[in-house]
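One structure is given here, and the rest of the page talks about it.
Labels run A, B, C, D, E and F following the written order; every chain starts at residue 1.
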């Protein structure tokens, strides 16, 4: 199985609801360094999974609406805790939608899965991976 | 599949028995930078796999008895080579026990697997992953 | 010249005033991974600059009041942009005060300088260094 | 499942054919930092997957013929784009051949899979993983 | 002294002349991960050394003419070995020229020095630092 | 000022004497990832500070007698705490001796200083820098 993985980041504010979060219930923030991995069984005729530049652009397109935002103010996230693991799935689902719509420069059917990893610090990360089809 | 992964470290001495180890048969030591990854199919009502603070505490609890020790002196490791890969499983099994005993702040049945990664240097790592149930 | 350097992090929200900041004028946030470096000409009788555990504690003490906060709400920062470089000096000055008050486990006069580095992402950092005396 | 993973690197020149590559169609180059991961269900009697020193040697043996080369000049790669993902499989296949020939210091049947990861920069990586049998 | 430091990268081919380079006399290549550090005694009224976005743009502008190139073909480098340390100074001098021409969004006189670091792999780096005035 | 910096590592056991060390008074160990930086005002006719391969060899030569050892057993370190900062100076002094003896492939007088950095974990480092002449 082949994987191509690209990195970008966002800087956001948010707060959490639930006693489990302790001091993180207050409004705080994070730099999320995001890795998006595109997984395929075969390379295309050019010898790639998808073009790395295209992968960077796709990730940037998904991250831009979140960057420099207070996630508490984004209607789509209303009533949700925008935890690191929640966001891995949000980003995954947006990239998966682009893949299924053949927007990544390759027939989406040729891509098998997408994995999103987010480092919230040098000591904590989250991942989400799911098949596309 | 969702994963939350936290990092901590220990600084230990040990020696190995077996010609394959060459100079590492002598008493030497290592900093083991340990990543513990908790894997689940779903997030809980708070939007988390398990709380990251709790995950850090669980890892710390497993590592503390090993930290600043000569592993050759630990009865549980008698007759074993405490290689990096051996230790990934030791740490995994201790975390798995805690998970199965519902000690990680979530019904252990909701966790599917645990993966432990240890970096012994900037050029060598080991991993162990196994399902919990 | 000897240096001992320790790492910790904070997760904060803040906003900036000034057209130069573009979208970062909005409320957003950051993970700041902070390295505090203590610099001395000589080691003490134990063979250390200062104890690494003590250095970690000193850094933690300075960072705790900032962690999980909206920096816009901290009276001390009123009217200031809490940029990465601004915060390197804030953290430096707090550590320097502790050093000058002999609170780091060594005669502060034996320490020559403190350098604080903050990584705000995998592609941007700031540093502040100044002599103590 | 146990994994042992070692790191080395090569510095190569190459060019790509295909409009998708844009400016990378010109002769350029890369440092490829390569991680080779050897995966097994069990440890051997020494408590290892394979010896880490041996793993380093095996990876070095595969990388040496590529290091300091213009990959466009290597007959084996004639008519191929030596993309990062293409090279993960090339390195994988060479290591797999050594594993199947019992050249890694352990019965190759005891190894289940090999994964090769290549970082081409701080923001882009590729991986290839396949079972050995 | 305050420093703001940003990271970008280029992927280039080149060859070296001189027996000291051994196999690196052949045409090969490198990914150079470049950190550009801008150093000032004071922050401006916005609380910054220079804007981090502007710093990224300035570095990108200097790196773009080199990216995806065979450096042996660039007239400016004729008769030079484009070693990692040589390139740190080349990039430094280009950034210094922009700083002295007040092109970094701040009076260049307020900047004291520029440092350029290049990682050519996970085990080798070079740096060049010089005062601006 | 130009700098070339190379990385290697050792895995050692040791213990410390002195109440300040707490649990680190027991026999334990560390992986020390060591960066050796060679600093010069000018490049030589080849466009280098010193050859990076030669720098790697020089560092390896200094580290080899320490690797896979219990530092408590090394006569030269008798009565010393082999702390991370102590070892930065030990390695520095050995490299400086080689530089002054013209053993690094360049007239030692052309080198101005050497800096040694040791990472003992992902959260603690030490450095030692001194002029050569």
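In this section, a contact is a pair of C-beta atoms (placed from the backbone, for glycine too) under 8 Å apart; a residue touches a chain by one contact, two chains touch by 3 or more.
Because the structure is a prediction, the values reported are computed rather than measured.
Undergrad: Counting hops between chains that touch, how far apart are subunit B and subunit F?
TA: Minimum number of steps from subunit B to subunit F: 1.
Undergrad: Counting shared numbers against all numbers at the contact of subunit A and subunit B, is it over half, same, or under half, different?
TA: different
Undergrad: Which chain has its C-alpha centroid farthest away from the centroid of subunit C?
TA: D
Undergrad: In whole angstrom, how far does the Cα centroid of subunit A sit from the Cα centroid of subunit E?
TA: 31
Undergrad: Whole-Å distance, subunit C centre to subunit E centre, using C-alpha means?
TA: 27
Undergrad: Just the number, please: Cα centre separation of subunit B and subunit E in whole Å.
TA: About 41 Å separates the centre of subunit B from that of subunit E.
Undergrad: Which residues belonging to subunit C are in contact with no fewer than two other chains?
TA: Residues 7, 120, 122-123 of subunit C each touch two or more of the other chains.
Undergrad: Which bits of subunit B are touching subunit A when the two form their complex?
TA: 1-8, 35, 37, 43, 45-49, 51-54, 56, 105
Undergrad: Within their complex, state which residues of subunit F touch subunit C.
TA: Residue list for subunit F touching subunit C: 16, 18, 20-22, 80-86, 88-89, 120, 122-130.
Undergrad: Mind pulling up the subunit B residues that touch subunit F in the complex?
TA: Touching subunit F from subunit B are residues 7, 9, 11-14, 23-24, 26-33, 67-70, 120-123.
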